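Chain nomenclature is as follows: A, B and C, assigned in order of appearance, with residue numbering initiated at 1 for each chain independently.
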Amino acid sequence: MRSIRAAAAGAVTLSLALAATACGGGSATGGGSNDSPKTLTYWASNQGASIEVDKKVLQPELDKFEKQTGIKVKLEVVPWSDLLNRILTATTSGQGPDVLNIGNTWSASLQATGALLPWDAKNFGKIGGRDRFVDSALGSTGAEGEDPAAVPLYSMSYALYYNKKMFADAGISKPPATWDELVADGKKLSKDGKWALGMEGSNPSENIHHAFVFAKQHGADFFTADGKPDFTSDGTVAAVKQYVDLMAEDKVIAPGNAEYAQNQSVSDFAKGKTAMLLWQSASANLASQGMSEDDYGIAPVPVQSGAPGTGKQVNSMVAGINLAVFKNTDNTDGATKFVKFMTSDAEQKILNKAYSTIPPVKSAQSDAAFATPATTVLKDTLANSAVALPQVADESQFETAVGTAIKGLFADAAAGRPVTTGSVKAALEKAQQQMPAA
Amino acid sequence: MTTSPMAPPRSFLWSRRIFLTLLTGFVLIPVYVMVSSSLKPLADVTGAFRWLPSELTIRPYIDIWSTVPLARYFLNSLVVAGAATVCSVVIAVFSAYAVSRYDFRGKRVFTVTVLSTQMFPGILFLLPLFLIYVNIGNATGIALFGSRGGLILTYLTFSLPFSIWMLIGYFDSVPRDLDEAALVDGCGPLGALFRVVVPAAVPGIIAVAVYAFMTAWGEVLFASVMTNDTTRTLAVGLQGYSTLNDVYWNQIMAASLVVSVPVVAGFLLLQRYLVAGLTAGAVK
Amino acid sequence: MTTTAQAERPAVRKSPPGAARGPRRRTGRIHRVGLPYLLLLPALLLELLVHLVPMVIGIVMSFKELTQFYIRDWGAAPWSALDNYKVSVDFDAPVGEALLHSFLVTVAFTLLSVGLCWLTGTAAAVFMQDTFRGRGLLRALFLVPYALPVYAAVITWVFMFQHDNGLVNHVLHDQLGLTDKPSFWLIGDNSFVALLTVSVWKGWPFAFLIVMAGLQNIPRELYEAAALDGAGVWQQIRRITLPSLRPVNQVLVLVLFLWTFNDFNTPFVLFGRTAPEAADLISVHIYQASFVTWNFGTGSAMSVLLLLFLLLVTGGHLVLTSRGRRSAS
């Protein structure tokens, strides 16, 4: 009996000890090391048509890297639905990849966790210097005034994709340049079961990206200059309302889009069910669905009036993927080498071509592949009229809170309920109060 | 009631007929959708719903294996659910035997504690459990987080309370005289357990095993946090069909069907044991 | 795990028959007194590891300010005393208000779902007590929803509930013309109905199974005696079947209640990470509060409150049912 009791006591002590170490936190080792210089783990985001496509694109490059450096890179392509969660658990436990892709809008949020290696001048020096990168892309790598938490890998911007044949059939000669024109054209296009525009009404991130641009066009921001949430100014309310009204008031978006969250709007466009699509770097995606490049045109995203530019003429967010090094890596040198490899001119050209994205590295942009009419639109947008999403620690919460609020507004619009300035303001007010108090 | 001397009145027969017909429809429609959609070409599932396929194709059943590494997920689920079931049943048998046959201090505390874990919201211990696994890994080198082992351990514990509870009931129904006779014959207590009680409780044990397997096969929340690329189970892997640039409903339905067939077939084969096990065990 | 394995092994080794014959006195005593504990040890250790210790940690977490700034090293996270709880139960502020709303939705959902599951399950079991042609087949069919893995079943329902290409709208709108335009089932207010439908579809066979098992324990003589007294089928059901099922029902309803209340899989597969407001079940709500907004402290506090509520309900249920039993006997 005594031995049993001792065993039980031992078990309890063990459990409590585990509990105590667990409470002690995941990762006290802050600095990273070079304990295993021959291997790296790389989490790539899902950029291609499928995870298998990504593996096919990336593996040959990783083999090249292994040949050059002798470092074997273990690749895992993480679906978008899992990526943030996986990064979060990796951060909490200290057990994660060495190098990883992050959506560039998360940069400041993840920077705040302290899990990512800061890119100070010294680290930048190892990969050829900060000046190699385009400024707008660097603007989305972390909070202002701090060393970037990641380096840009692929850049993207929104553009208006339009179906040439459907436009011709409706007697429209050129893509709309302003929202008024888009709505006017849209009324001509939305008939016989076809609709003018596609949207992902249930996807919080897509909603945020559009709402952010509309807000900019209304001269408003979702955060004050000192980083406090400010969701309910007249400008932001008008912006969100204008966005949702494309479905509610103008009826140029099919109500069914309110429940889209899995890129159904892209396949609707590819199948000719919708005439227009606001998307980032859709070419590769459309090609994989059998839509020929000759069938659609690419134009800048509409503005309120005039031509795209800075200030109120902004017509895209700076979209893109950043490459970050996990601070806990046991191969800091190898990880840095890998970042250098991935951001080298040669790799930038290969990878951005494969994903129909724009290289954030200046010297790689000169390649002829990025001078087609399609990529020129994206490139010009990035250079002249795209703005980074707020680089604040609460950015990911903002995406969730406001993105979900807009999802609710789309649900109202789809159900035929009125979407008024009052209801938009109420939804945003609620979203704002869910933000962390600090 | 089978020997009821009076024939049931018409009102009873008609209510029964109507009720059971409606219920059958409710139960079967999703099953029909699953089966028929899995045999449709993609065009049939992206447009308006149609009851009958425009043409029958087995294409989805071929494509599912290459769209996502379904075979690997399948194997992972099989290993995890299988191991969790075996361990869970063995441990539940030991515990239930102790509770059913012995009087000891803390018996009531044990049963109440174990049963009360059914109340815990999974979300409360998801993150702590994950941290514990990580810390065990750091301290001892036993990889629990991200490994199948960790999932097995977690899932077997999920089915344990209900299994123990059910087996206690079942063991109680096995006459004590039997194992006492075995003890007199010179078997140890464990000899009595394995030679007398367990064979007499086979239906109950099968019922418990079926339950444990189903629990492990269907769990989503912990699988989504605790697995990685190589250890992902079907529950998470199946979501892979809709992260592409289109939602391949025909493939999703085909894959759902493929992952369901082993459990449903097993369940239906063993369901009479389940009823027998529940009759003698849980509901007594 | 190693401890478990070691703990098990000696117990099994000592099992061969004859080993118990004439052992040294001390081992004999351990056998007699210690054996039950030894047999319970694996289960106990696992429960400790997977349920109890994590729960304790969860409670500790609920008193910390665990946001993105601290998750990396959460020993360093500052203690926040009762702040997380204050935020959670301040029903005038949005966080508390949303939690209360989610709680009420969950209560309504659970009561309806458990009620309907029980009703359907009991009715089906009672109707199928008699043998008739096709009964075995029907019984097997009825168990299919329960046997299907949750994600496979729910994803099928997601497909059926699609606005543009789902079966539900096709039938209700296109074929029967019951609605003037296709409805949305996975967003907006209808989502509650969708969730309830799926939950009942998935849950009632369990009630059916248990009630069916319970029916077999009702002695046949009771029915025979009632029949002799001239009671018809309906009266037999009311006077004998239902009262005899009471003890089974008490357990069944409690188990269904706990499972439905804590259900995460169904709403998560049905709606994804952010559930529509009308179907914002508490488990997904807490998941969102923790994982999507990165505030694990508040998330834990909400879970602890949920646990307290469930404890209260279960305790109340046990007190009520045991009192009922005592007065009945």
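We take it that a contact is a pair of C-beta atoms (placed from the backbone, for glycine too) under 8 Å apart; a residue touches a chain by one contact, two chains touch by 3 or more.
Only a predicted model underlies this, so the values are computations on that prediction, with no experimental measurement involved.
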Result of counting contacting C-beta pairs for A-C and B-C, higher pair: B-C
Far-end chain from chain C, centres as C-alpha averages: A
Centroid distance [mean C-alpha coordinates] between chain B and chain A, Å: 38
Whole-Å gap separating chain B and chain C, where each centre is the average of the chain's CA atoms: 14
CA centroid of chain A to CA centroid of chain C, Å: 37
Chain A residues counted as touching two or more neighbouring chains: 18-19, 22, 26, 81, 85, 92, 94
Residues of chain B touching at least two other chains: 46, 127-128, 131-132, 239
In chain C, residues with contacts to at least two other chains: 33, 37, 44, 49, 52-53, 57, 162, 164
Partner chain A, residues of chain B touching it in the complex: 46, 66-68, 127-128, 130-132, 134-137, 139, 145-146, 224-225, 228-229, 236, 239-240, 242-247
Complex interface listing, chain C residues touching chain A: 3, 7, 29-30, 33-34, 37-38, 41, 44-45, 48-49, 52-53, 56-57, 60, 67-69, 71-76, 93-95, 98, 162-164, 181-184, 186-189, 272-274, 276-277, 288, 291-295
Residues of chain A touching chain C in the complex: 1, 3-4, 7-8, 10-12, 14-16, 18-19, 22-28, 81, 85, 88, 91-92, 94, 109-110, 112-115, 201-202, 204, 254-256, 258-259, 261, 393, 396-397, 400-401, 404, 407-408, 410-412, 414-416, 430, 433-434, 436
Complex contacts: residues of chain C adjacent to chain B: 1-2, 8, 11-12, 14-21, 31, 33, 35-37, 39-40, 42-44, 46-47, 49-55, 57-58, 61, 120, 123-124, 127-131, 138-153, 155-157, 159-160, 162, 164-167, 169-170, 174, 201, 209-210, 212-214, 216-217, 220, 223-224, 227-228, 232-234, 236, 247-248, 251, 255, 258-259, 262, 264-265, 268-269, 282-283, 286-287, 290, 296, 299-300, 303-304, 306-307, 310-311, 314
Chain B residues within the chain C interface of the complex: 1-6, 8-9, 11-12, 15-16, 19-20, 23-24, 26-31, 33-34, 37, 45-50, 91-92, 94-95, 97-99, 102, 104, 107, 110, 113-114, 116-125, 127-129, 131-132, 142, 144, 149, 153-154, 156-158, 160-161, 164, 186-191, 194-195, 214, 217-221, 234-235, 238-239, 249, 252-253, 256-257, 259-260, 263-264, 267-268, 271, 274-275, 278-279, 282-284
